[in-house]
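Each chain gets a letter, A, B, C and D, in the order it is written, and its residues are counted from 1.
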């Protein structure tokens, strides 16, 4: 394996991993605060891609249409997430919540199929990011680098939101003692809806951000499902940093696995999962 | 656990059986005056896009048949079923259509695995099965039988066509291939190599790449291909896979650095739209916009009126399948499997892709494979063949003896 | 009651058209599959997304033993159950170390692993094309014959499961679901039992798989995958995980939806999704649980009147 | 010497929850473990029963070292425990709660074929009798009032035919007469079956009523270990409870 392929592979692995990370981020947030495992999160990612495409399509021509549609898609998906949370609210038991979101995998998948499923959609990389940069003879697609940057930025923003703002303090308080927060006169339902919305927003935005590197079609959710939850689990449920580390591990294992034995790249990933969970059942940074 | 008392268990059992009785009224016996034809296709899962084109093609075909007075004077009813890429659903729906709806024809699903499973059912219960879209060669070879009819171009023929296409580029000295790593993809490359080596012994095949079906990340392949510096890349990636490859290869300028010859089925071309790389050549099974027959023109017109979009290869071949059945029924003066098969053995039929002949021994049609340069077309909004040359795939087919030997081997 | 159900079960193939017998078989196999799944979910409190793996492995093992080794179906069944048991033991050894969501994902990961193997090992498993022409032996080849065979096997299988759940072992599983810590402190090695139950569930899933392969005449990788793994989950939840008959009811409803709604619309999955959501939301005990409550209520009503 | 704890230490971060604790118990002892909240009593229990593993020290039971054994192994050495926060199997009936405890202690839990409901009825009955829950045998454990749950807890602990019984506040949340009843029960078990009992308790009348020996813990260490009378006298004890002034 030459140095060039190594670098290329590393970058593409990081890109793939960090797209997973963006989706896992929302999951981690939701789980951390509400201890709800939202199996339908990859479906929200798919929704983001489709919403985003059609928004982008309708604003065709504007220079910033892509960026605008990323934001709008995120917001649209955030609304979808809040609706999901509303349905989810009356459920107390964890298994129930998991399976309820599981039902929404079916529902969202078929609704997408019903309305837009008929074909593959593609949208070009936004102007300025469609080329590539050459560093020491190595060609690096600009957009991949951008994805790496933007996902880390998102993580940073979420972290700032949680650690530096009043809202963040409240949210973190809610993690430990809901009654206490309720005592302070904060409406927990609103707080939870907001948290779920933020989580969904990230997933939705990720959906459109990842779209220019491939196609938008039914089945996006299914192929996302396993890797994303693998990331969450081995990162340690609810841990941002853990999710980041895990997503990079998975991304790179997959990318280099392809070099070694393409058809078994997925298998490698599962081996890693098994190993990590045997050593640390609660995940890399999970609290046992 | 008091709740696990035998009485309650039995109560449940009886309840279930009762439920099964309640379902009885749903059994709609086939009533006279209409011929029921079935389409089983993978309308749930990754193949949905192709499956829907196929289903729409069937709808247009049945409308046309009814407009022309049905089959042997009987109105035709189309029953569409979803096999969801799962053999159990495919087989169960096949049995439903055969036993319950008394269909006379089943047009097969996208997935070769499901189609093979259904093929067994059709053989045993003597119902005609025509493929809606090409698939694994084992379908008409070792697992073939009188009731399976290979209408669209089989993998062997398709790869032969591709080989002819690749041999056109005179100044090419080295090439690589890339194909999805599953039965069909493997067969495409196998079928390609033998004839191509014959036509162009001078071309050195540097490597074959095998990404998995539905791969998201093609960067390793792209960089590896660039590292090999071939003059030609032969790709059988399709659907979302080809779109992903193109999108990821563009920044690396892959399409400027080598001649590309790709599997240009409509769904990925439509998906790519303007994004389609320039200067590539492709091969296809039934590129509707580029086949200039009057029948095709009227089909496209009808299809666009009904569906509001362009037909894809699957739409065309599925349409053909139903038309072939009508033709056969009229020849046999009957819609029953055995009679139909007897009449159609070795028959020559008119299709959207011109006249085709089914071979006596294995019901294999000599469908052409289309090749040509891909050019973006404003009117269509995606790249089409300009022009499309039809390659006769008859010569490449295995001889009847070979086929029979294969089938014998499979029996053992 | 018993007599009535037996009579109904016996005469049904002579009343129903052939396709409905096929559906009935699917339902019976589905209910055995779901029951085996519920050993994990309803009784031990373990949610497995990869349970189809053992169903699929069972089906593949039976098919290969019949096609490649040329064994008789009736011999292939116990053998494939044994093989699956071994595989479940290996996988279970790892899965028994984790609980809750980690368990769910780990089972899913192993399931996908087996899926990849099945669809890549062309020379052995036939790759994505799978294995076809796996017919039942002549004795049970007829439509009614196969139905009776399935009925008997499924009934015996269900009774075996019922027996296990009502044995000390079954009680132990209940303990683990109820309260892991207390189970430890009364001297139960929770991890060992999680392993054991994993194997037991796998073996029964394999039995269902063996029946499936001869009903379907073929098996392909999707029978191992995530989608198939969803079926017992839906069946169990809709039917009710806390009563023994729940999964059976669920299997009936699921089969009904999959094939009758499937005749009306291609969006059958949407319908199933909505039903699942509604049941979880409004009938936490599942439909079976709901029926049971009603029965209990009416029972009490009678008591009070007397 | 049936139980011997020596130099036991458990540290949570900066806090020495259990600090170099040593004491012994003889066959048939009835010992109370008291001390203000956060003295480390429950932690000590959890270390002995194997739910927490100590940083230092040994637990020797019947002459063998059981330190760091997993809980289920320790239970099989015949140490029964009843937790402070009721820790039962809510989804099972009272009868089944006792039954499974019996199965577990008799190593019957691997039995997959015989019908559990018919098994060990008498033994279960006896234990229910002993803890006075016979009439609620078939109610769901979860639906019982708190005091009854405590009794069930005790019953589960007894089902293991323990030689040493560890009770963490057996009377918490019980009314005066219930408390009296429970302590009578504890005393009876101790006297009739000669069962060695170590119990944590806050209700002083109870403690001084029945305990033959009292161990006082404070800030993780043992500050007194003697007969009730002499414990009363000790200055440290009074400090521990009443603060510095006195």
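Convention: contacts are C-beta pairs under 8 Å (C-beta built on N, C-alpha and C of every residue); 3 or more make two chains touch, one makes a residue touch a chain.
None of these values were measured; they are calculated from a predicted model.
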{"item": "Farthest chain (mean CA position) relative to chain B", "value": "D"}
{"item": "Innermost chain, where centres are averages of C-alpha coordinates", "value": "C"}
{"item": "Euclidean distance of C-alpha centroids - chain A vs chain C, Å", "value": "33"}
{"item": "Chain A and chain D: spacing of chain centres that average the CA atoms, whole Å", "value": "48"}
{"item": "Centre-to-centre distance between chain B and chain A (centres being mean Cα positions), rounded to whole Å", "value": "35"}
{"item": "Of all residues in chain C, the ones touching two or more other chains", "value": "120, 166, 170-171, 174, 269"}
{"item": "Per-residue overlap in chain B, given as positions that touch at least 2 other chains", "value": "1, 44-45, 181"}
{"item": "Shared interface positions of chain D, touching two or more other chains", "value": "92, 96"}
{"item": "Complex contact set, residues of chain A against chain B", "value": "2, 4-5, 8-9, 11-13, 15-16, 113, 117-122, 124-125, 130-132, 139, 141-143, 212-215, 217-219, 222-223, 254-255, 258-259, 262-263, 265-266"}
{"item": "Complex interface listing, chain C residues touching chain A", "value": "41, 45, 47, 94, 97-102, 104-106, 108-110, 112-113, 116-117, 120, 226, 230, 233, 237, 267, 269-270, 272-274, 276-277, 280-281, 284"}
{"item": "Chain B - residues contacting chain C, complex", "value": "1, 3-4, 7-17, 19-20, 23-24, 26-27, 43-45, 79-82, 84-89, 91-93, 95-96, 99-100, 111-114, 116-117, 119-121, 136, 138, 143, 181-184, 186"}
{"item": "Touching residues on chain B, where the partner in the complex is chain A", "value": "44-46, 48-49, 52, 181, 209-212, 214-217, 219-221, 223-224, 227, 239-240, 243-244, 247-248, 250-253, 267-268, 270-275, 309"}
{"item": "In the complex, chain D residues that touch chain C", "value": "49, 51, 70-72, 75-76, 81, 83, 87-92, 96, 99-101, 103-105, 108-117, 119, 156, 159-160"}
